[in-house]
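The same chain A turns up in both complexes below, where it pairs with chain B and then with chain C.
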Partner chain A sequence: MGDYILLAISCILVNNILLAQYLGNCPFLGTSKKMETAVGMAMAVVFVLVMAGVITWLLEAYVLKAFGLEYLRTIGFILVIASLVQFVEMFLKKSVPALYRGLGIFLPLITTNCAVMGVCLINIKEEYTFMQALVASFSYAFGFGLALILFAGVRERIILARVPKPMQDTAIGLVTAGMLSLAFFAFKGMV
Partner chain B sequence: MTEALLIMFGLGAVCGSVLSIASKVFYVYEDPRIAEVEGFLAGANCGGCGYAGCAAAAVAVVEGKAPPSVCIVAGPESAEKVAGVMGVEAGTAEPRTSSNKCRGGDRAEDIYVYMGVDSCQAVSALSGGKRECEVGCLGYGDCVRACLFDAIKIGPEGFPVIDEKKCVGCGACERVCPKNVLSITTLTERLLHFNREDDCLAPCQQTCPAQIDIPLYIAQIKRGDYDGAVRTIRDRNPLLLACGRVCPHPCEDFCRRGVEDEAVSINQLKRFVADREMHSGKRLPVACAPDTGKRVAVIGGGPAGLTCAYYLRRLGHDVTIYEAMPKLGGMIRYGIPEYRLPKKVLDWEIEGILNLGIHVHTHVKLGVDFDIPSLVSAGYDAIFLGVGAWKDYSLRIDGEDLKGCYTGIDFLSRIASGESIPIGRKVAVIGGGNTAIDCVRTLVRLGAEEVSIVYRRTRKEMPANAVEIEAAEHEGVKFIFLAAPVRIIGDEAGKATHLEYLKMELGEPDASGRRRPVPIEGSETLLEADMVIAAIGQQPEITFKEEGKRIQSLKTTRWNTIEADPETLQSSIPYIFTAGDAATGPSLVVDAIGGGRRAARSIHLYLSGQEVTPPEKSLFKRHIPGTLFESVKGIQKIPRVPMPELPVEERIHSFIEVDQVISEEDAKKESSRCLDCGRICYNKDAAA
Partner chain C sequence: MAKTLTQEFVKGLWEEIPPFRLVLGLCPTLAVTKSVENGIGMGVATAFVLVFSNILVSALRKIIPAKVRIACFIIVIATFVTVVELLMQAFTYPLFLKLGIFIPLIVVNCILLGRAEAFASKNGVLASAADGLGIGIGFTLALGALGSLREILGSGTFFGKAVFGPAFQPFSFMVEAPGAFVCLGLMLCLMNLAGKK
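Take a look at the complex of A and B:
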């Protein structure tokens, strides 16, 4: 149990997918202007990443490894993740329309989110067991959401500050992201 | 290599088949028109239309929320194709445009020095902005930056100016504005808007029962945009020719200039533009929303009924007016004499309203020629009951039935219908309201030698308009105040000869705050009068209730007016709405007009299946606190333009209109006296 907690802390804080591994920066900058959209995106990522982590682990273990075709990993994962997102979208639309409307446009956007792909590949590279892969996927996604929501909060306040014209909007956003990332570096060496 | 190919092929086949099965299993019915409509949109997902992508826009079109011309990229050809799918004409859904509610801008003073970011969102986070006005524009131009079409500029006065030609109604400006200054509205929404507590409203506009945007139309007159002024007035009041003549202009009592100087002659300006349109011989086109297919019966073609019919028609409903008298107009035709409102003018005005496509049946009376069940079975979805207050109160004294005795509205309407009534030599008119004044001034013109008004209180308490009382005085009417009629005395032939009255004195104030007249014992006095007219007030005639089956449950008050919610004007029968004198008892024309539009709003809500509730944050019969000033700085005294009148000698022998219209030059001059007030801001006079 302790191992899993350590793994979770490591994935959420120390190896935060956004601020320590720099994956998924596109939605990080794109959907962080408003708290509302940031929360929607975070929820969608948690949802998809857990599912993708599980499916790709199974694919790796029972198909690719079994046939010695590990070099097909990247293209295989792309195909599976894209199909998965499509499938989930259709499923939600029919069965949980409320959640479908809540996630809205963010769900299909995740198809191209490199954080999802990245986590799936990390799971394999670190040779996690199935349970470890599940916990890691959830924790990375949680870390993604945490960083995104923190960042959105900061950006909502930046609007009140005097920012020189050339630095406004995305420019100051990147600077802020950098500082946030430095702050997360303080967790290095904790686990 | 073969393995890899097989695996990838297998993986693809699995994914493909799972998805295709899923799409069957999880199939959700979608209107097939959505896909069809989407096919005709540009597919650029630019968001220029205001929806999140083309798919969302297509959904909005199918749901009827967006017009077929929603796509700003694809052009008119696509609009026509989309319209074809929807089975409507291109451009039928109402276009949405942005409008700016703030006219104050930089005129509002700063309450603190702001040195933050040049952004409305930022400054509004600091106590709602640095300007003293709570609702006004902050002027940092977030809307300008949000607009993708270059349709907004911050004007020289510090508030946004919208280029209507470029605006596509996408709503980007509305979403970024932290003060709700900009709003995207359709024609229907604009026509149904009622004053709100958080609107920018000058004191005059807060006071006007019809809620006309007075500062705007005066500004338009100042610019020479007379057509624009007419349109502004018509959005709130379709009877501008009539109101321009007979309205006692309560707005002018609250004119901010009036605090230090004479009030702006608002009504004269209204009359000027209205007359100008009439004399131009060309009617300005009136925009109507697309047809809705709903039918409404309007009972009573007076000011309330005409107004209600006019707005319902503009909202796209099919309206039919049922009028008991031979001609439309109600009290403004039959109660207001020719010298105040010529019939020719009224005819022109009513014709313009009917030209919108309103059907009319005259000479049909509710409860006699038709009743509520017959309207319901004829397929009307809602009914407006604007029957007015036509039944004169009787004096309830002896001798009322003698020859030569009449009641006020009865007398006026018979004269207006062209009936000839033998006019007495000496006439006494009892009452102190506008009806009494209309009677005496009519009698003077019909050749009565001596006309007196008998009123039981004093001049100060007379409910008639001060200008009317004055005009009657000029025309030689005698006033007998503090006199209460006791009986009418007649000769052997049953003809009235004298009116006996008791002299009164003023006692303690009563519930209405006016001092109650108390009779003086033994002060009976005889007034020679061979004609006596009682004009002491009216109430609605509700005999139709006795006949009708469905209408018996209609609740009425003890003044015989129809009981209804004062703001929604919905009666105790949900599909029956009312307004005007029938709802309020005898009142101003402009009250009936305001009520007519209010009822039209409720009927529109009722017909579109929404709950009939008063408007949110409605400002009804009250003022916004802090907008009425005790003193106004920066005002220089400039006398108002005098109203041209026909000389007394000329007017007492004819029914030619007494009040004349002001000249264009005077209108310009008068309009420049307007301070163009906002909620708390205004323009100071240049010289002061």
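Take a look at the complex of A and C:
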């Protein structure tokens, strides 16, 4: 049990997917201008990432490894993620319309979110067991949401500040992300 | 025709150079530019996939049904990424190990899907190849520039060779994660200053 808690903490804070592993930065900058969109994106990522992590782990263990098809991993994983996103979208639309409206346009965007694909690949690379992969997927997704929401909070403040013209928008966003990343960097000393 | 082909090619080098003008494909940009070698290796791999996926998407643009086009584009891209992955494993193994999971992650680089959707699915094969080559080379240049900056300041080397004397204290902030964000932000600011119309 202790191992799982340690794994979770390291995935959420120390190896934060956005700020330490540089994955999923496009939606990080794209959806962090408003708190609402940030929360929507964070929820959608948690939802999809956990499912994708579990399914790709099973695919790797029972199909690709079993038949010696590891070289098809890239194609296999992206197909699983793309169809999973499509399926989740249809399922939510039919059975949980409230959640569907909440997640809205963020669901289809997740297909090209490299955080999802990245975590699936990390799970395989680190040779996690099924339970570890499940914990890691959830923690990475949680870390993504945490960083995204914190960043959106900071960015809402920046709108009020007077930023020099060439620094506006993405440039100041990246520098701010650097500062936030520096803060998360401190957790490296913890483990 | 020749002139327009050149135009398609040149626009990727300055007007639409990713990731500065088109803010896409940030993850590999930030992650692999710890050194020039990694940056350029990643840029060339991406450019290769971009050219071939653009050609194939453009050649198939009349056959692919509009409704499932995104899925088709992704499969085309994933195929070429697998090709690059296997080639790099065979010929440049040390670089393959350094870039790690970022090679399979070319699949989800938004530049590729973005070009397939915005350009290759609407234009002819030659124009698409020129567009892919231009954007690909632009991306390589950008990664090379960012990689040089970070490697020279962060570890005091360029292509692994020391540039400063032994007294140089490496500015290790630059090669860590926070430095990547700040560096890219400042470069973007410089690009904005230089290119304001």
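Everything that follows uses one rule, which is that the second predicted complex is superposed on the first by the 190 of 191 C-alpha atoms of A that agree within 3 Å, B and C clash if a C-alpha of one lies under 4 Å from a C-alpha of the other, contacts with A are read in each partner's own complex, and residues count from 1 in each chain.
Definition applied: contacts are C-beta pairs under 8 Å (C-beta built on N, C-alpha and C of every residue); 3 or more make two chains touch, one makes a residue touch a chain.
Everything numeric here is computed off the predicted structure, so don't read it as measured data.
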| item | value |
| --- | --- |
| Touching partner for A:R162 - first (chain B), second (chain C), both, neither | first |
| Touching partner for A:G118 - first (chain B), second (chain C), both, neither | second |
| Partner chain in contact with A:F185 - chain B first, chain C second, else both or neither | second |
| Touched partner set for A:S95, first chain B, second chain C, both or neither | first |
| Touching partner for A:A171 - first (chain B), second (chain C), both, neither | second |
| If touched residues of chain A are counted for chain B and for chain C, the larger one | C |
| Which superposed partner A:L72 touches (first chain B, second chain C, both, neither) | both |
| Touching partner for A:F87 - first (chain B), second (chain C), both, neither | first |
| Interface residues of chain A shared between complexes with chain B and chain C | 71-72, 75, 79 |
| Contacting residues of chain A [partner chain C, same complex] | 19-26, 29, 71-75, 77-79, 82, 111-114, 116-118, 121-122, 125, 165-168, 170-175, 177-179, 181-182, 185 |
| Residues on chain A engaged by chain B in the complex (per definition of touch) | 63-64, 67, 69, 71-72, 75-76, 79-80, 83, 86-87, 90-91, 93-95, 105, 159-163 |
| Partner chain A, residues of chain C touching it in the complex | 23-27, 30-31, 70-71, 74-75, 78-79, 81-82, 85-86, 100-101, 104-105, 107-110, 113, 176-182, 184-186, 188-190, 192-193, 196 |
| Interface residues, chain B side, partner chain A - complex | 3-4, 7-8, 11-12, 15, 18-19, 22-23, 25-28, 52-53, 115-117, 119, 121-122, 125-126 |
